[in-house]
């Protein structure tokens, strides 16, 4: 940590800062320039907030020179983490394509979608049962009934299921049913939820918040990892910017940046990051070309009838075309699409 | 709601959309221009998401022409809501100044601060006991012990207490102690929490999310109001932009915009919206001049020793100077500072 | 154009707006809902600013339903524009890779770079001679001397040259030398410059401004097209957001969105859009996978010695590897890399 | 400047960086921590771009610890600059209120407006004659004819005139007529224009770009100051963010931040920063309460008929009310409104 003093800081103020650094268990390295004095605070700084020194008299700014996260850092874990999910892995050679509707709406809808995405090449099924909706007046999800329908769809297809959790209160229920817990953008800094999930052993797909920095995303992953749950995937799903032509702005840069900073797998959600079905395939291809380890895509058998996110949902045939293109890009990247577990036909369709 | 069709939409597609509008219980008003056909959907649209029509074939965009919130809207409630809090009101003539430390750290710290802010002119005491921290490795708050200390400080000063709640799980505990529940920026769209608070009858200070639009803030208020809890104050605390000279960007425009759109009181938090003690007084003055109904300000007896947010915390004497200036601005605005309940001396200090 | 009246607008105000619409030469379509009256203004609206109606009494908002640009619109020009540049085309099947240093620094530097990028597969050479620098105290470019060196490099390699123009005053000089005029991000709304370029017949690479919307980029293209210069390429080069891990945020969504809205070719600049050499290849691949028609990339024989943008400049060997990967992605997209004109060996190297 | 090496940087790489620092004429201060080596580069760093070191092998990041501007810095010029304009001063005790229409439209319009704003308390007249318009199809300003009308209005009222310049080509014409050259947001980094203005001796109102940082605004001022023109005022006019409820987001924080960093006067433009007449007075009051030295406000005798910016233009009577409120705030701030030069009646009105 570098503590940069104001140009008019007094020797007494410098002394006070040095004392504070030592009190924090850090070593001091003093650098007195013509224009500014800089105090290096050296040691185990990741557990010390910069604010500890920022408000001392005479301090101008405090800058970290090492990362504030450790378990998520590639520095301490140079190899990619390869997460086993039922039947496939994420973060290794395989590219995971997770697909399904925004919301579980009915038995026929989710079973039909599950069969269609499986046939098109998906390796896992997504579907929401607790929905974070901006308005209190609209459909909020089927709740536990939806989880049961998802379990049926899993049985019918062999696809593991990825479902969003909105509150620590839902954790016991969720872990009974789901293979991967999704933490949505609006809950990326719901630290109580993160801590609870950290104590479970269910795999997690952690979405980046609408205006969260990449570092904040990694700090939220750190909450889960610090609890002992090491099965964390990160998900770029678009950030909020001034541009209104698309629902969000896909931060495609985040993919190589995250692959550089962390060993955790990185997934792209081109449905939310564009908000428009017409753009999903282009951004899905871009994501894999940029180095993503997988995709999570909204698919609905009849988007015009979807209760939520219809505008950004692909019809199954469009999704199948997307998977084909993504598979070709994956090959160039020296990778291949993860295939779902063996199909356990149980009479559906 | 106006549904704008693509320029190449077919008559069949227009018919399908018209049918969908009628199915939603709305009336249709058709406008066929040279360049585009527009279908007006008229009726009780606030409970119908625009996405219901966005994914129909041939639809270009769907635009609301009325607000998606109702209980929060000034249109249906033209008079200002004046919220009674113990000993003062918010949203009427009085300007409420809420002040206190970021975190409750110790008995002496919170009592000392409470006495100081009371003397300087605050009408309520803030203090965090469950802290939403970016890092899992730093101080997370004193929890219930902190609530007890706050209750002592209230007893010592007569100041009602404002405390952040982070999870619905904390609600029973919190309502036993606090006068105003604060919902922090990171939880503005924690809908489970909002719904739980909506069912309580404790007053709420709802902070705007880092990248939440003004409309989204009002929709979150709507969640609480829809539950039957009408004692909601809104709080502008700075938004996230590209500018890094300050911690956040105070959206001062939000103050007159909110006062125009809603009848609920509007509070400004100049501590978080600037992140720097040197700028707090200027922005506090600006907020009151722009029409805010109150302020929430971080004050610490020794900012250099604060465990959190020291950089943006005012020393009591600086806070007192700020209150004096704010009081002068309030007068020009035809208002006056709320005064705290009678001081109930109990031997502290 | 839809003019949405306030809910409390009077019949007289509605009459006044109707009269104003007619006065603007537009037809009126009136829609009186329960909650709001909407006046459709129908006709040639692209030359009428929305502000013409926004300030009339009783008006709430005015929304365009057709695009404010015409010459740039795909609606009126459904086929892709394929721009011929010396020796290759942009916007058709060929993918154009333009490369070279940020600044022309010396004869040996530019000739060496030109030979290297040609060999690696570039079809045009970039190089700056008038540099828009944030600070007045740093290197501002070689000016005309730089243009002469670029002309030499072109002669040596056969590569056409792409050079940034900063002011209309430089136009006569520039068109004597350059094959493609580049308009930089900071000048995207320098309307005097755009108008001057519109009157020339030199091809243009128009970069998106740091915080320009996609629509504003198209409006700036419209300025050039309206002057009679139809050889315009658009360039996404990253936008400014809150994220600081990269210099800018590549708006990868802009690529399919632009391809949808306009017939003009779309180029990606992964050097500026990331600001970091380590991320350039990943984002270059992503851009082509998303449908871009070309790339413009900073390459320097010795980035550590570059006078500007060294951090984001690729060494020639890294650039060559990038071109190979991009070529593979191009093939999947049914395209191929543009090849430079025949090499006119003149003794360099 | 602090050069932070990567954690795996080799001793040779450190040596190379040290050599480069010395070559740049700076002294070296080496700090070798457990986690990272930091090389302090000490000396006259403001003319050395950070990129000079950023691309050296082994370098992680380079951070300035002193400001990259000098002439604009309060550090080297602690006293406020008080700029004399004809008849009043800016930056001292007086608060300057500049007002007038967005565009000069006609003789009667500008004379009428000038008389009205003078009577209401303005000390200078604004009016555009070269208009930066997003669309090439709309009114672009009256050009020189507009300047003549402004000169007439000045003669009629004694108010000095503030007019936007869009290109260095207009400079000779402009300085013949205007008292203050306005550089608009879109030209804040038109460095050719800044350099040309730096060589003139006409006062300048430099507006912040839509997505320019405060530091970039100061660097643009530095361009003008470095040319020898010291009469520069800075203007906050709103920045571009995700919020769409207002045209821009007033960065009210920028006012105390700029007053802290620079000795130059700071003006607020509440018309552009809100985009809505209903919010102008609130934000004008806020600006003065935050410490601004003046305001520039759009006023039009009949906003509904304005050719541009009608929505954000105040009617004269609303402007007069705003001036009264602003004057009261000024008094609390220990300041007073600048009054215009003596009225030189010449038969108008």
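Residue numbering begins at 1 within each chain, and the chains themselves are lettered A, B, C and D in the order written.
Keep in mind that, in the parts below, a residue touches a chain if its C-beta (ideal position, glycine included) is under 8 Å from a C-beta of that chain, and two chains touch if they have at least 3 such contacts.
These figures come from a predicted structure and were not determined experimentally.
Comparing mean CA positions across the assembly, the chain most remote from chain D is A.
Comparing chain pairs B-C and B-D by the number of C-beta pairs in contact, the larger count belongs to B-D. Once the centre of each chain is set as its mean CA position, chain A and chain B turn out to be 27 Å apart.
Work out the mean CA point of chain B and of chain C, and you get 40 Å between them.
Put simply, the C-alpha centre of chain B and that of chain D have 32 angstrom between them.
Residues of chain A in contact with at least two other chains: 211, 240-242, 244. Residues of chain A touching chain D in their complex: 2, 4, 7, 29, 31-36, 38, 40, 42-43, 45, 60, 63, 65-66, 75, 211, 240-242, 244. For chain D in complex with chain B, the touching residues are 211, 213-215, 239, 241-246, 249-257, 260, 273-274, 278-279, 282-283, 285-291, 325, 328-329, 332.
Those residues of chain C lying in contact with chain D across their complex are 20, 46-49, 51-52, 54-57, 68-69, 132-138, 140, 166-169, 186-187, 189-193, 195, 210-211, 216, 219, 222-223, 226, 240, 277, 303-304, 306, 308-311, 313.
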